[in-house]
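Each of the next two complexes has chain A plus one other chain: chain B in the first, chain C in the second.
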Partner chain A sequence: MGAKERGPLTEPMFYVLMSFLHREMCGTDVTEFVQKKTGGRVYLGPGTLYTLLGKFVEEQLIEQTDVSGRKRTYRLTDKGRAAYREELERLRACVADAEEEER
Partner chain B sequence: MKKVRKLVPVSLYDIPGLETWLEEQANQSLFPVRIGTWAVFREGGVPGTRFRLDAFGNTGTEPTAEQLELYRQYGWQYALPIGRAFFLFYSTDPEAVELHTDLQTRGMSLGRLAKQLRSYKIRTFIAWGIVLLLCLLSLLLPPSRFDVQPDRFAILPRLLASLCIPYVLIGVPVVILFRLRELRQQRMLLDLHDRLKAGEPPAPSPGPSRSFARTELALMVLCILFTLSMAVQFAIQRPVRLEDFSAPYVSLTELEEVPLVTWEELDGGPSSFHEDSYQVRRRLSLLVPVWYEVTQDMVSPQLGEMSNGYSPDPEGGKYTYSPDLDAVYARTLPAFAPTLARSILHEERLVNIYWVYEEPDLPGLDLAVLAHDEDSPWQMAALVKGGRIAVYRYAGQERLADHLDLLASMVQ
Partner chain C sequence: MNRVYKLTPVSPYDVPGLESWLEDMSRRGLRLKKFRPLFCTFTRDTPQDRRYRVEAHRRALDDDLPRSMIDLYGEFGWEYVCEVNQQLLIFAAEGPDAPELHTDPELQAEPWTRLRRSMTAHCVFEAACFIILLGLMAAAVVKDGPVHSLVVDSGLSALICILCFILALPSEFEDRRLVARIVQQLREGVPLDHRTVYPRRRLTALLSFLCAVAMLVTLVAFQYVLPFLSLDGAQSIDSLTAFTPLSLASVEGSGYVEDHFRVNGVDYANFAAREDRAPLCWEQWRVVQSGAVNGPEDWHRMEIHWYDLAFNSLAVPLIKEEFDASMALDWDIWWTSKVPAGWSAEYYLHDGADFLAVAKRQEGSFQVAAVAAGDKAALVTYTGDGELAEHLDEIVRMVSDA
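Showing the complex of A and B:
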């Protein structure tokens, strides 16, 4: 599924992709990152996180790098980075529009 | 450990409803061991336990090690699979974060199941369409090229009588009810999927209900009745030797002037080759409460002058004489009897023979039809009085028209 079919990334999707920007991570690291980054505003349940990781692997936005016991580590792919940038640009445009309207 | 069995009073596709019901059972200290139409619980459930259904992913019917570990870290344990659709997880920790914290992702997790259901719906629709089409085509298709007097609608009254049997009358509503239930459940899950995917909260769940449980129970009882009625049907329709049958019928020996014996008597014992030559087969129909078919294929120890349908080989200029009388005796509604008699007559005829029909007006009978073929020893007769029917198909040297009193005695 490409970005066009998927539509804009949801907030949890966006933050999960963001978490892989500078480092490889496993599932629990992602949750901690998102919770810390959003000050607890966005909290990922394990079902949500597992679904998103599965979806992103399927869409090749992230790829698995290591399996240690039951723990798997993932990193962002070029396609994933592009999807993240695209969403970031969309959000920036939204914010810019809103700010312009406010002035 | 003691096991408790309960009928599941909620659809397995009503995710919130099933979760709620399982939590109610946990509050009664019951923990699920197996869930299908019936749920089996063991004692030892913890009150306050939360249950959540998680749709199967692409990893088969068991959760992956990664999934189990991830969920465990958040306080969720795996309980069991439900059907081929869901994993059941539970948490006894009231502080454990919900499994799914985002509506759209939750909808996404149901995506594979929703896709399977949609594909199944289409396949089922096509399959039913093909079945209906074949049924229609069977009525509209041209008759066999060997049938010299085709009448595609003549069979309908007999078909109707054949279909008024308990297992069809139970089976058809069972199939319809199962299909309706299946459609309702599929709609429920697809609607949930679509709403969640659009970021909308789920519609209120119908939840556990007595009426759902009653419907499930009724379907189960109907299924048992269906199976029983099929077994009864097959038992009743099993062919029985004529010696072991007590209902009245016209004996071929009464019809024939020459002495006759059965093939078994001629062979000096049972023979698999002739085992169906002297028997009766009962039929069960609610529209035709009395219905049996008697086959008598006998042989004369004396050689005859005339061939019949089955013994054309002359022996020293003579023929083995083996007359054949197949008869159908039935009792039905008087208004339906003439129509059914004609239909049975049509069904019993040999299709490659051109039959000449006549309907003599016989006193005391509501209907009399005689049929014969100019070029063969085959004859037929259908007699009706009130709701009683007797249809004969005969091959031999006698003329049925000369024995109408005997034949009509079966409907008097």
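Showing the complex of A and C:
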């Protein structure tokens, strides 16, 4: 599913995809990353995270790589990386428009 | 392990009420082991503040539990407790450290929306079944008459099913309404409450359930078990002990020759067969006699339907209905001529009978006699040259001496 069909990523979605950019992660790692990155502004409860991970797996934006006990690790797919880049470009364009308007 | 059973005071779809009740139980030292809509199983534990959360997760019969969800929640300190109706999962967290499960109400609404859809489909399906069942019952009542349908056929079973639906449908719709309310609240971005006032007991649900179970047991017993207890197949009329049937030979008089059509030792020209038992008709027999008087072309036949009913009050209404129906069946009966004709019916007051009537078709040789006494009733349909009205004593004895 492309970004046009999915629409813009929400803030939690964007940060979850961002968390997988450089390494594989499990659920608790993702919430820690997002919390740290946003200074606590964005927090993901496990229920919210589960729904997001489920959506991303279904849309093949991420894939499960390992199961160790109850810990499941995921990584970004090429499709997920492209979706993240696409969203990043959209946000950059938004910021550029805003800054231009400010001047 | 010390188990404690408690009646469930809330619907599982009343999420804040259920969570509040389970948390109160935990403060009283009862840890949830198994949730059931009617009663829950707890184990004794030290009183503590334990949080419970109910999550929507509908799964098909052959689906496994959502391990990835249970594992992820476990990573955050939320332990899976049990499942409800394959639609809800209950999680518990001890202490204040485990983070709240949901931080995005709109995302949280998604599984609840799926659950609401499936509950809507289920409610529609059940309502459709209910309407179809009502239609079938109405058709049976129109075709066979209300008393016959209720007493002899499966009308009582259908009625029990309808009553079960009437008991079950409102709670199904109420549960769906509760889930729809959750969906609406979450879609508006309002997080679910986790603390609310809940009822102390839910007696109507318990009574409805017990009534439904009792009715279903009755239904299964009468519909599927009792027929197996009935003697099946035709047997010799001489071996019939329930009553003494009116004899075709006595109605026909001299010159009557009994017909025979034997298959595997059973004479299907003259036989008695016990019909299926029914809840309100413990025993019923069908007796068929046939033979000829003036050669094989002059074929005469008598069929007796005999009923032993559960209540005296059923006998007269049933046999009156059968009597009227027999006359109305004129066009459907193969041994009458297809010439339209009226019927003349005579009603008799007779010792030992609560009801006695004989009807004769104005054209042809078809006659009907109906008799009821106490909880017994019998209907005689006859094609021949004799007169049933001349054998009233024998007809009454079928029900009065039985």
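Everything below uses one rule, namely that the second predicted complex is superposed on the first by the 101 of 103 C-alpha atoms of A that agree within 3 Å, B and C clash if a C-alpha of one lies under 4 Å from a C-alpha of the other, contacts with A are read in each partner's own complex, and residues count from 1 in each chain.
As a convention for this text, contacts are C-beta pairs under 8 Å (C-beta built on N, C-alpha and C of every residue); 3 or more make two chains touch, one makes a residue touch a chain.
Every value quoted in this text rests on a predicted model; they were computed, and no experiment measured them.
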| item | value |
| --- | --- |
| First (chain B), second (chain C), both or neither touched by A:Gly40 | neither |
| Contacts of A:Lys71 with chain B and chain C, given as first, second, both or neither | both |
| Which superposed partner A:Leu49 touches (first chain B, second chain C, both, neither) | both |
| Chain B/chain C common contact set on chain A | 10, 12, 27-28, 43-52, 54, 69-72 |
| Residues on chain C engaged by chain A in the complex (per definition of touch) | 53, 55, 68-76, 78, 99-104, 107-108, 110-111 |
| Chain C contact footprint on chain A (complex, rising order) | 10, 12, 26-28, 31, 43-54, 64, 67, 69-72 |
| For the chain A and chain B complex, residues of the former touching the latter | 10-13, 27-28, 43-52, 54-55, 58, 69-72 |
| Residues of chain B touching chain A in the complex | 52, 54, 57-58, 65-71, 73-74, 76, 97-102, 104-106, 108-109, 199 |
